[in-house]
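Chains here go by letter, A, B, C and D, matching the order in which they are written, and residues are numbered from 1 within each.
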Amino acid sequence: MDYRHRKRIGVIGGSRAGKDALRAAEEVGRLVARRGGVVVCGGLGGVMEAASRGAKEAGGLTVGILPGNRPDEANPFIDLPLATGMGYTRNSLVAMNADVLIAVDGEYGTLSEIAFGLVYGRRVVGIGTWDIPGVESAASAEDAVERAFRER
Amino acid sequence: MDYRHRKRIGVIGGSRAGKDALRAAEEVGRLVARRGGVVVCGGLGGVMEAASRGAKEAGGLTVGILPGNRPDEANPFIDLPLATGMGYTRNSLVAMNADVLIAVDGEYGTLSEIAFGLVYGRRVVGIGTWDIPGVESAASAEDAVERAFRER
Amino acid sequence: MDYRHRKRIGVIGGSRAGKDALRAAEEVGRLVARRGGVVVCGGLGGVMEAASRGAKEAGGLTVGILPGNRPDEANPFIDLPLATGMGYTRNSLVAMNADVLIAVDGEYGTLSEIAFGLVYGRRVVGIGTWDIPGVESAASAEDAVERAFRER
Amino acid sequence: MDYRHRKRIGVIGGSRAGKDALRAAEEVGRLVARRGGVVVCGGLGGVMEAASRGAKEAGGLTVGILPGNRPDEANPFIDLPLATGMGYTRNSLVAMNADVLIAVDGEYGTLSEIAFGLVYGRRVVGIGTWDIPGVESAASAEDAVERAFRER
């Protein structure tokens, strides 16, 4: 149970997403878990839920940093829900609590998390997401996770 | 002193900026104040300070939502410093407390504020800033302020 | 409009309160405004509204640091509403943004603000409120405001 | 690894504390872990560290909700550090993320957490701490943990 020294990968993306994005997110979650990483996310549906489901299927740990003030708003694959009661302002905390971010698809909320990741000096890897200088583009879930675990 | 029904214009941009950006920000501040608007910003230097200086010269009111926990970290042109002690996480509050945002230049911190502005359904006008769908590009300070006060 | 160098007095207390508490809060607001102070509060009803009304009647400035994300939840006597979207967590910001706190009556929310005031090294003056070591008990609104403006 | 349905016990108290308080906190942590509970705390030293150490010795899980923005400021017995970058304002999140709070000794910071616990409708059990109506006084660590796990 020493999660402290495991790599924390923030998986960010919208609460609604298309099939391809959801599949990629689930695969990201699975691969992160297989490598012993912890999935950190916003705890809700869509990309967050897909990544969490993938991680749980592979026996990983999932942390959800929630906008609301009740842990039970977390999707069913979150092991550790953290309520903030801060709404979208919590996006900053998602970025702060990840060693690396993997962005999958996503709208403006995801863009705010990408921006915070870069503000905080985190590596940000993207799969079909915002094209922002500083975001490394990955060709697939495998590629993204490979990059995320690579030492810089 | 009824600031409540005045339009609040968030002026966002980096704490370091080039000459042109600073001149544009100062002009934005001045024009906002002349139209009776309140300048809301992050309260520090660079674009924030230039916009605040412009607003004060035109007799306007300036509100600075600060990252630190001490009001005196505000630039000298802030009338009402609001300390948050939340670091960059306060960027969300800058966007939340503006009716419209005008972004001038800016780096990743500004990008996070643009993103929050769009998340919160605010109109975002840009002068030489991030090219994000949803951000209206303005040709000048005059154009930006004109757009900001225009009804949607 | 140089509010920056005016003393900021946080007036804290419940959104519901009895007649005596409301009368005291209104008188506190009035006296703070007469001395040129700015009333900072949580922006809602009860003690917060009474203090704001008193301050406005005496021509003062009132700042409301709100729990929700919409400025229009502020009571009608708030000049400058600041939305936080952070719920009760904003209580910390109320204490942080006051030079001195005057607590009138109040329940657990007020207790949290008193505690933060003391954490932040603020002087806390109380009128019929929680009996906590470090809180100076005042006999009346006049006494409380007199103490709040007294140099320590 | 299903921490989601385990009871989360917030252990609150100062970062400095006397021998008796530290011993009680450690015993609280140990007993919470033995019953399958998760220890949630502010993640720093003193009472927080003692409770975390006790929990780890008994094989439990510890979550630290930190004031700073770096996970490595957590004490060595925290499994899951959560950085907030919000300073004392994070005290609200400690209370929000516990089903029950056990306060051991403590100063004003602890008082703010007790207050938030009561605001959020949490049961608060105290060992030699602030005497606030609504806080159940416990005679010992055993008594406190027994109360914390008791259904209300």
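Note that a residue touches a chain if its C-beta (ideal position, glycine included) is under 8 Å from a C-beta of that chain, and two chains touch if they have at least 3 such contacts.
The structure displayed is predicted, hence computed values, not measured ones.
Colleague: If you apply the touch rule, which chains end up adjacent to both chain A and chain D?
Modeller: Chains that touch both chain A and chain D, as defined above, are B, C.
Colleague: Do the two copies chain C and chain D share over half of their interface residue numbers, or under half; same or different?
Modeller: Since more than half of the residue numbers are used by both chains, the interface counts as same.
Colleague: Return the distance between the CA-based centres of chain A and chain C, expressed in whole Å.
Modeller: 40
Colleague: Chain A to chain B: how many Å between their CA centres?
Modeller: 30
Colleague: Based only on mean CA positions, could you tell me how far chain B sits from chain C in angstrom?
Modeller: 28
Colleague: Counting only residues that touch at least 2 other chains, which ones in chain C make the list?
Modeller: Only 69, 85, 88-89, 92-93, 120 qualify.
Colleague: Chains as vertices, touching pairs as edges: which of line, ring, star, complete or other describes this one?
Modeller: complete
Colleague: If we count contacts the way the header does, which residues on chain B are in touch with chain D in the complex?
Modeller: Residues 69, 85-89.
Colleague: Can you check the complex and tell me which residues of chain C touch chain D?
Modeller: 88-89, 91-93, 108-109, 111-112, 114-116, 118-120, 132, 134
Colleague: For chain A, which residues count as touching chain D in their complex?
Modeller: 1-4, 59, 61, 63, 65, 69, 71, 74, 78-85, 92-93, 96-97, 120
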